[in-house]
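Lettered A, B, C and D in written order, each chain numbered from 1.
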Amino acid sequence: MVDMEYNEMELMICVASRVFEDGASVSVGTGVPCAAAMLSQKLYAPNLLITFEAGSVAPILPSMPLSVGDSTTMSRALQTTSTADAMEMLQRGLIDYCFLGGAQIDMYGNLNSTVIGDYRKPKVRFPGSGGANDFASMSWRTIVVTPQSKRRFTNSIDFITTPGYLTGPGAREKAGLPRNTGPYRVITNMAVLGFDDKTKRMMIESVHPGYTIEDVQDNTGFELLVSEHLKETAPPTKEELKILREEVDPFRAVIGKKAQ
Amino acid sequence: MVDMEYNEMELMICVASRVFEDGASVSVGTGVPCAAAMLSQKLYAPNLLITFEAGSVAPILPSMPLSVGDSTTMSRALQTTSTADAMEMLQRGLIDYCFLGGAQIDMYGNLNSTVIGDYRKPKVRFPGSGGANDFASMSWRTIVVTPQSKRRFTNSIDFITTPGYLTGPGAREKAGLPRNTGPYRVITNMAVLGFDDKTKRMMIESVHPGYTIEDVQDNTGFELLVSEHLKETAPPTKEELKILREEVDPFRAVIGKKAQ
Amino acid sequence: MDGVGKLLGFEHPDDMREFFRKKSKKLEPKLMGLGEAVDRFIQEGDYLALGGFGLVRIPMAFIHEMIRQKKGGLKCAAFTSNLDTDMLAAGKMFKETDVSYAIAFEALGFPKIIRKYFESGEIYTTEWSNGALGWRYKAAAMGLSFLPIRSMLGTDTQKYSAAKEITCPFTGMKYLAVPALYPDAAVIHVHAADIYGNSYIKGVLIADIDIAKASKKVVITAERIVPTEFFRNNPERTKIPFYLVDAVVKSPFGSYPANMPYEYFLDVEHLREMLEAFSDEEGLKRYLDENIFKCETFFDFINLHGGMKKIQYLIDKENEILGGYNG
Amino acid sequence: MDGVGKLLGFEHPDDMREFFRKKSKKLEPKLMGLGEAVDRFIQEGDYLALGGFGLVRIPMAFIHEMIRQKKGGLKCAAFTSNLDTDMLAAGKMFKETDVSYAIAFEALGFPKIIRKYFESGEIYTTEWSNGALGWRYKAAAMGLSFLPIRSMLGTDTQKYSAAKEITCPFTGMKYLAVPALYPDAAVIHVHAADIYGNSYIKGVLIADIDIAKASKKVVITAERIVPTEFFRNNPERTKIPFYLVDAVVKSPFGSYPANMPYEYFLDVEHLREMLEAFSDEEGLKRYLDENIFKCETFFDFINLHGGMKKIQYLIDKENEILGGYNG
């Protein structure tokens, strides 16, 4: 019997796993992205092509990697190559999805994972871009997974580490970024958000069971648009939870953590 | 007993083999360059680093290659890599010498191996640059091996395939080519020619036994300078001929040909 | 100085991104016969890139089948190709070419009739060095429209190319910008491939990895088909990954009479016969008739030149040079 | 928009050409001890590049010895380095850094005291993405002063970098030009090397081949020293060729507590202890004292954390994941 209670991490992973079409390609990091990609491979997209920026291509992951280049990422891989190769695969347009987090996100999906406060005198210093800027610049669709809060969802973003739609429609193209790319979904503990085609502003696509539009808006520091086709998010299925808990993350390395 | 008679090909190979310092690096092609490099490794520069543009590094050549990437070039090599790698090794300044031929050469050491006549309506079409332009642009010193004749040594060169000193002092740098590079020696059946430091014009350095300065000048379509330190070329030694004939080219693949 | 040559095989990287986005990344079987691969993946007007170098690792069986199917009107890169582009020239299959080295069989000599074809004015050439043409593939492989390089500058090779001069924003240095080369179709002969297209090449890689990344359609011809476990067990073997590949063709001895490193040496005897035959129109026609049009399979062709006995001789020769297969 | 960050580790390619010209290409023995390698090849003020990535294939024994010898005043690249640059930060060994990813031990958390060091203003940072920093190495590895790239554009990461915008001469596209990165010294941990420096890396290569080509001095630390025949018998094994290398150091288990793919897994237990210790100045000082200053050799350090038994556990764990060494 699967316990149908689920925590926020489990919810976000299950929802994220449904994004991929079979045969899509994805650049992943450790943690939630990896769990979502693994779950998706087992349930929805058996041909999901998983790549890691340290150089591994199409592994059959035995467990959650702790590091983007650790041995699990090479397990039964179809190729082990270089970071430049992985980045140039992105630059050639071969990667459909990437998966990011961040300390702050604004209404255009711009992300901060560098500093809070002034760059030269930061209150908090985070790791910086890592591969995030490259992924979000060059993959076709960026997916962000992050908990919903006023502090995180803010237009007073201290530093744009990673490009969303920058200052709005046309701004990515003007900056020189590849055509037709950008943020696609933001998956939080309360909702799935998308981006309005015209204005490129963040928009509620579906609200998770137990939450309302107001809950989502109250936990966002800027005004959200609401999709005409607003839905309630389907909760994690029995199958999703079972496979996530038993096969994807049996040691609860990711699903045992608090969403942050 | 070594037959001390030698043909022009043997002479040019022996003279060329004396150019390298031990520990120098050289990009070679098939034929004379390869024979000279092999002979040099056996007699003068055991640490001569031989590279081929198809991607082989530091082989112990069992025999004369027929093709720049054939299996002999990989025999007991220290690395098999790519053409880009080989070319970038040149671009980084890691290659001391390269070895070229050509249908025409002018007083600045510019070489033609592309066409005789008009480019779009050639009387004769030759193979083109191959790696020659890259080698002569980016290695430190270019060595040319070619028979001496008025037809070949001409300032009416139809096409500059490969850069010598272009139009004279400073022209390479002005064109954007790397600093302090250029033609170093031209080895013919009659003489060893160098280039005057100031004018970058071709200059007789040493004349082979049996030839005079006049012979060389009479077989050259432009006026040659003569080095202050003009010498007679030392003829092939017994040791050079023995090793060339017995170890380097036992099947006379190169030394059995007419110089052309 | 901007090159005056026609720019061939160039695309905007954003257009190529759209193309590569649509290309399937599924692990799906792509094995097919030579005939089908040539028919489906080589179209009139295509810009064709061939793997290998000089007399080494040439997809010769594929080229024979192209000639048999009379594929024509192509563009191609003569990138230190001789045997391969010479064969295409023999079939009068291309009209435009980026040339860095063509015609001569390197140390063995040159086929007169092919030189004549190049001199005839029937072929339009844009000039490059080997380095430049290799970097054009690499620019495309990196997803760029150009790469800065330091060769070809100041020469007529530059003048008759399609390169442009640029200035380094950090040093003020002059560079030559070589434009990306995105071939429509590439054919690469490898040592081993699985049915999905994962491919192993042993020995020098030449420009083949960049060519596979740069090209819109990639056909792999392989000495042998191996289980995918060959790659999963040791993923550093994968020189060309499956997601770049459109077709896999089993093509044993497919490089003959060229050299397949670690497998069989080149057939000097046959190459000399080819040079002889390629002296005039009549010899050329006879060679193509006997060796291609009258042969049903590539083995039929090899049988004309000694068959098993010749192949064993070339394998023995190769083992002498490279000490046998040590994969 | 030109980046406002300070340009670190840059050189004119012509100056680097002169440097590389003088570097010996002789096949000569370069084997030496850790102490000598650190003493001779790491100088105050050097720009240092470290091979590996995150918690994988880190030259940890070398870093310990650098801390022991109190090497300081360095510049370095924090190229998805955490364990490595965090250790250097722990020793307050660098003042300026190109940073693409630092501080956090990826999925395991972050060491508070290292974050504080980065927040203190004592370190000058120039900002990059992993791709950009990797391409900076690659530009140098290609002998260029820059490469055009399509990421970082439009962001503050671009603003605080030292990159410049350029225009493609063929398409008019905007690119970011990232300047070459030519480190003074690189340290790369590999699976096997011969005494001349020929080196084999198994599994992901990260940016290490480009780093080896880009750097003025290259130190290889190797799990094992092997005969040169290991490479001559199968020259595709050579990931880094001897002529790039200045020193070879035998360094078994030299990546511990980080992961050495196909050899031993990372020691989560120890990494968690480090995170704990690196919470405050006192814990940090104690960690460095006990694990480095009071240890004569790297084996002494490993013995503090379980020695043979721990190592065997990590080997077993690795064999479970990658099925044992299948070189």
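What we mean here is this: a residue touches a chain if its C-beta (ideal position, glycine included) is under 8 Å from a C-beta of that chain, and two chains touch if they have at least 3 such contacts.
Just so it is clear, the structure is predicted and the values come from calculations on it, not from any experiment.
Contact with both chain A and chain D is made by C. Considering every other chain in turn, the ones in contact with both chain B and chain D prove to be C.
For chain pairs B-C and A-C, the one joined by more C-beta pairs in contact is B-C.
In whole angstrom, the spacing between the mean C-alpha positions of chain A and chain B is 58. Centres computed as Cα averages put chain B at a distance of 28 Å from chain C. Between chain A and chain C the centroid-to-centroid distance comes to 41 Å (mean Cα coordinates, whole Å).
Computed from the mean C-alpha positions, the centre of chain C lies at a distance of 37 Å from the centre of chain D.
With touch defined as above, residues shared between interfaces to two or more other chains in chain A number as follows: 56, 74, 80-81, 90-91, 138, 178.
Residues of chain C found to touch two or more other chains are 13-14, 143-144, 149-150, 173, 175, 203, 235-236.
Because contacts link the chains in a way that matches no line, ring, star or complete pattern, their graph is best described as other. Here the chains touching each other pair up as A-C, A-D, B-C, B-D, C-D. Of all the residues in chain C, the ones that touch chain B in their complex are 52-57, 78, 80, 82, 99-104, 106-108, 110, 115, 118-119, 121, 127-132, 134-135, 138, 149-157, 160, 165, 173-176, 203-207, 209-210, 259, 261-262, 265-266, 268, 318, 320-322. Those residues of chain B that touch chain D in the shared complex are 22-25, 47, 49, 56-58, 60, 74, 76-81, 88, 90-94, 96, 138, 140, 178-180.
Considering their complex, residues 7, 10, 12-14, 143-150, 164, 166, 168-171, 173, 175, 177, 179, 202-203, 233-236, 323, 326 of chain D touch chain C. Residues of chain B touching chain C in their complex: 30-31, 52-56, 62-75, 80-84, 87, 90-91, 110, 114, 119-134, 137-138, 159-163, 166, 171-172, 174-178, 253.
Of all residues in chain D, those touching chain B in their complex are 13-14, 16-21, 23-28, 141-144, 198, 213, 228, 231-232, 235-236, 238, 241-243.
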